[in-house]
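Next come two complexes built around subunit A: one with subunit B, the other with subunit C.
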Partner chain A sequence: MKKLLSLALGILTAIGGFVDIGDLVVNAQVGARFDLSMGLVVAVGVLGICVFAEMSGRVAVCSKRPTFDLVRERLGPRMGLLNLVASLIVTALTFVAEIGGVALALALISSVNPLLIVPLVGLMVWLVLWRAKFSLMENVLGLLGLALIVFAVALWKLGPDWGDLGHQMFTAAKPGDETWTTYAYYAVALFGAAMTPYEVFFFSSGGVEEGWEEKDLSTMRANVFVGFPLGGLLSLAIAGCASTLFGPLGVDVASLSQVALPVGVALGKIGLAVVLVGFVAATFGAACETGLSTGYSLGQYFGWQWGKYVKPGGATRFHLVLVVATFLAVGILMTGVDPILVTEASVVGSAVALPLTYFPILVVANDKDYMGEHINGPLANALGTVYLVLVVLAAVAALPLLVITGMGS
Partner chain B sequence: MRRPLALAILAVLLPVLTGCGLRSGAAVSESGWTDKVDQTLGAAISSLGTTEVVLKNQANGHLTRSYVVVAVRDSQRTLAKEVQTFGSKQPPASKVADKRTAMRALGHALAVLDSASNAASGADIAARRTALLEVERTYQELSTLQTRLTGGGG
Partner chain C sequence: MDDRFAMDNRLDGQALDAALHLLDRQVIDEDGLLVCKVDDLEISFYDFGSPPAVTRILTGPAALVPRMSSRTGHLLRKRWISLGVQYADRDVPLAISLDHVVHLGSGVHLDVSREGLLDRQPPPDDGVRIRRLGELLGMKVESNHPELRGKVLDVRLEPVEGRYLLRHFVVGPGRPGSLLGYDRGDFNGPWLVAVVVERLHRHIRLASCANVSEADIDWDAGVVHLREDTTVDDVSFD
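Our next item is the complex of A and B:
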C-alpha cells in the first residue's frame, strides 16, 4: 500500500511538475496561431523527454552518480565543458524566465507591478533552495501544479468541435496566413520547450539525492512513462483552450494574462483562481528545479560537494552558486526585460543545446562499466538515435529560423 | 581546451547578433512593408480582441478586478511596443500615406485601450460599457483597415 501511494505521488508530481513557463507560453501561442496542428510535435517532444529521462534515471540508479560527473569522466573534460556551458546557459536563462513567470503570475493575483514582486520571488526561491527539504519541495509544488488540469476542464466547457481538433492534430496543416518558416520556428520552439535540458539533469540528480536503487527502477519508469505523457496532455489542453478562444478572433498570445483568459471565460472566478495557483506552483517549482540544476551542473562538473541532502555548511560552493544565480536572475529581470521574451529565447536556446545535452547521456547509458545489466537495450538505442537526429536537426534550424522569422512574428 | 569552446560560443552568438542587426535596419522593401503593416495592425487587433473578451467577461462577473487590470495593461503594453517599432520604420515612397493612415488608427487604438484600462479599474459600470463598445468598434475598423492596406484577410 505504501509503495502504491509513493507510486501515485510520484506520477502526480511528475504531471504537475511537467509544465513550466515555456510550456505555458509556447503552447498558448501555438494554439492561438496554429490551432492544434502542432499536436504531433508535442507528442514527439514528450516521447523524447521520456526516452532520455528514463535513460538518465537509469544511469543515476546504476552508477549512483549524476550525469555531469559521468559525462566528464567518460567523454573527457573538453566534451564535458562544452556540455556544461551549453546546458548551463540554457538552464540559467530558463531560471530567469521561471522567476519572471512567478512574478507575472503573482501580478495577476495582486495587480502589483511585476518588477516590485521579482525581488520577493528571488528571496522566496532562494529560501526554499536553502532550507526546504528536497522531497517536500518536489511533492508540494508538483501537487499544486496539478491545478493546471483546470485547462482540460476549461477546454471541455468551451465546447470546441472535438472532431475538428482531432483532425488538426493529425493533419499538421498550417493556417493560410502563416508561412512555413514561422510554422517551423514554432515547431522547433515547442520541441525545445518539451525537451528542456534541465528536466533531465534535475531528474537524474534528484535520483542521486534521493538515493534511488534498483528496486526504484519501476517507480522511476512509471513516473516517466505515465506522468510525463499526462503532463503532455496538459500542454495540449493549454493549446486547445487558446485555439478555441483566440483562434476565431485573430488574437496572438503575448502575455501570461492571455494564457489564463480561456479558463476565466469558461469557468469564471473559481477557475481563474485555480489556474493562477497552478501558474504560481508550476513556475515556482520550475524556478527551484532550474536554480538547483545550475548548482548541480557546476558542482558535478568540478567535483564539489553538492545537493540538498548535504547541509549548506557542507556544500558551500554549491549553495554559493544558488545565491549568485538567484541574484543574477533577479538583476536581469530588474532591468525591465520582458519575461515572456526571455521565455521564448530560453526555449529556442534549449533546442540549440539539445544535442550537447542528450548525446553524452546516450553514450554513458551504453557503457557496460557504469550500467551493468541495465545497459541500453535495442529499443532505447533505436529511439535514442532517432531522437539524436531530431535534436541535431532542431539545433541546426533553431537560430536561422529565429533570425528569418524575427522570433516568429 | 579553450579554442573549441570559444568557437562554440561564437557559433551561437554570431547568428543572434547578425539577426539583431538585420532586424534594426531602416530600409524596407514594398513586400517587407506590407508584412510590417500586417504584423502591426494584427497586433492591434489582437490587443483589442483580448480587451474585448476581458471586458465582456468582467461584465459577466467571470473575472477578478486584479486580473482585468493586469490583462488590459498587458494589451496596452504589447500594442505600445509594436507601435513604437512601427513608427521608426521608413516606408517605401509609395506607402507614405498608408503609414500616416495606419499610425492614426494605431494612435486611436492606444487611446481606446487607455480608456478601457481606466474604465476597467474603476467602479463605473456605464463607463465600462462605453469602453467595451468603443473597443468593439475599433476592432472592426482596424480589421477593415488591415484588409485594405495589405490586400488580404490578414
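Our next item is the complex of A and C:
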C-alpha cells in the first residue's frame, strides 16, 4: 500500500512538474498561430525527454554519478568546460525566465507591478533552496502544479471540433498564412521547451539526492513513462485552448494573461483562480529546479560537494552558487526585460545545448563497467540514436532559423 | 550516499588506463562526502631501476589550469601565475597520496576524512623526478615500429601492492572520442556511435614502456622516443 502511494505520488508530481514557463508560453503561442498542427512535435519532444530522463535516471542509479560528472569524464576538461559554460548560460536564462514567470503570475493575482514582486520571488526561491527538504519541495510544488489540469477541463468546456483538432495534429496541417520557415522555427522552439537540458541535470542529480537504489528503478520508470506523457497532454491542452479561442481571431499570444484567458472564458473566475495557482506552482517549482541545476552542474564539474542531501554547512560552495545565481537572475529581471522574451530565448538556447548533455549520457548508458546488467537494451539504443540525430539537427537549425524568421515574427 | 560498491574495484584488476579510468573522476572521502576531482596525476621516475609509477592525485587550479591550454599548458599557466605572483606555491597543486585510495570504481574512494586533507604536493625525494600525466598525454611518439604512429593517448597502469606502475603507452592518432572507451574494447555502444569511433581509432596500439626512462621523453618538445625493443600489442583489455 505504501509503495502504491509513493508510486502515485511520484507520477502526480511528474505530471505537475512537467510544465514550466517555456511550455506554457510556447505552447500557447504555437496553438494560437498554428492550431494543433504541431501536436506531433510535442509528442516527439515528450517521447524524447522520456527516453533521456529514463537513461540518465538509470545511469544515476547504477553508477551514482550524475550528468556533469560524466560530461567531464567522457569529454575531458576542455570540451567539458565549453559544455559547462553553454549549459550554464541556458540554465541561467531558464532560471531568469522561471522567476519572471512566477512574478508575472503573482502580478496577475495582485495587480502589483511585477518588478516589485521579482525581489520577493527571488528571496522565496532562495529560502526554499536553502532550507526546504528536497522531497518536500518536489512533492508540494508538483502536486500544486496539477492545478494546470484545468486547461484540459477548459478545452472540453470550450467545445472545439475534436475531429478537426485531430486532423490538424496528425496531418501537420500548417495554416496557409504561415511559412514553412516560421513553422520550423516554432517546431524547434517546442522541441527545446519539451526537452530542456536542465531537466536531465535535475533528474539525474535528484536521483542521487534521493538515494535511489536498484529497486527504485521500476518506480523511476513509472514516473517517467506515465507522468511525463500525461504532462505532455497538458501541453497539448494549453495549445488546444489557445487554438480554439485565439485561432479564429488571429491574435498572437504575447503575455501570460493571454495564456490564462481561455480558462477564464470557459470556466469563469473559479477557473482563473485555479489556473493562477497552477502557474505559480509550475513556475516556482521549475525556478527551484533550474536554480539547483546551476549549482549541480558547477559542483559536479569542479568536484565540490553539492546537493541538499548534506546540510548547507557541508556544501558551502554549492549554496554560495545558488545565492549568486538568484541575485543574478533577480538583477537581470530588474532591468525590466520582458520575461516572455527571455523565455523564448531560453527555449531556443535549450535546443542548441541539447546534444552536449545527451551524448555523454547515451555513451555511459552503454558502458558495462558502470551499468552492469542495466545497460541500454536495443530499444533504448535505437530510440537514443534516433533522438541523438534529432537533437543535433535541432541544435544546428535553431540559430539560423531564429535569425531568418526574426524570432518567429 | 554510500556508492562504494556501485562498481567493482578496479584496483583488484590486472590493469587500468589512467586517463580513461582515473583522470577527472570524483574523489570521495570515508564518509561519502565529496572532496575534489582528479585534476591530474603525479608520475615519479626513479633513477635506479624501478619502473616509473603514478604516485599522487593532483588537484586544484594549479593542476587543472595547465590541462585547459595546449599540450604544454604554458600560456594559461603563465596567466594563472600572473594573477597571484606573490604566492610562492601558486604553481604547486594540491596532492593526495594514492595510498589513501581504497576503491576505484565510478568514483575514487579514500580511507580518510576530507577535513584538512589537501596539502601542497611535496618536493620529490633524492633520485626521484616528478612529472604530470597531463604533460605526457598528447605527446608525439617517435618509433621505428611501423604500427606506432601518432600520440600518447593514455597510459596503462598495473596496480601492485598500492603502487601504480606505468607499463604501457596507448598510442594512436589523436582523434576525438578516445575518452569514450570504445577503442579499449570493453564496450557495446549504440551501433552508429561505435562504428564511427571504432573507425576513427582503428590505428590505436598498446606499446610497452617498461624500459622507458625519463631521458627518452623530451618534455620541452613533447616527444616520446620508444626504443627498438618496444613490443606492440592490441589495446583492448584481456
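The rule we apply is simple: the second predicted complex is superposed on the first by the 409 of 409 C-alpha atoms of A that agree within 3 Å, B and C clash if a C-alpha of one lies under 4 Å from a C-alpha of the other, contacts with A are read in each partner's own complex, and residues count from 1 in each chain.
Here is the rule we use: a contact is a pair of C-beta atoms (placed from the backbone, for glycine too) under 8 Å apart; a residue touches a chain by one contact, two chains touch by 3 or more.
Values in this document were obtained by computation on a predicted structure and should not be read as measured data.
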Looking at A:217, would you say it contacts subunit B, subunit C, both, or neither? Reply first, second, both or neither. neither
Original post:
Between subunit B (first) and subunit C (second), which does A:393 come into contact with in this model arrangement: first, second, both, or neither?
Top reply: neither
Check your understanding: After superposition on the shared chain, which partner residues are touched by A:73: those of subunit B (first), subunit C (second), both, or neither?
Key -> second
Please indicate which partner A:81 is in contact with in the superposed arrangement: first for subunit B, second for subunit C, both, or neither. both
Exercise. Looking at the overlay, does A:132 come into contact with subunit B only (first), subunit C only (second), both, or neither?
Worked result: neither
So, does A:304 touch the first partner subunit B, the second partner subunit C, both, or neither? second
Report task. Identify the partner contact of A:385: answer first if only subunit B is touched, second if only subunit C is, both if each is, neither if none is. Result -> second
Both partners, subunit B and subunit C, contact subunit A at residues 77-78, 81
Subunit B contacts subunit A in the complex at 1, 4-5, 8-9, 12, 15-16, 18-19, 22-23, 39, 42-43, 45-46, 49-50, 52-54, 57, 61-67, 69-71, 74-75, 77-78, 143, 152-154
Note: in the complex, subunit C contacts subunit A through residues 1, 3, 6-7, 24-27, 33-37, 39, 59, 64, 67-68, 106-107, 179-181, 186-193
Counting only contacts in the complex, subunit A reaches subunit C at residues 62-65, 69, 72-78, 80-81, 208, 211, 299-300, 302-306, 309-310, 314, 362-363, 366-370, 375-376, 381, 384-385, 388
Note: in the complex, subunit A contacts subunit B through residues 77-78, 81-82, 85-86, 107-111, 177, 245-246, 249-252, 254-258, 260-261, 264-265, 268-269, 272-273, 276, 352, 399-400, 402-403, 406, 409
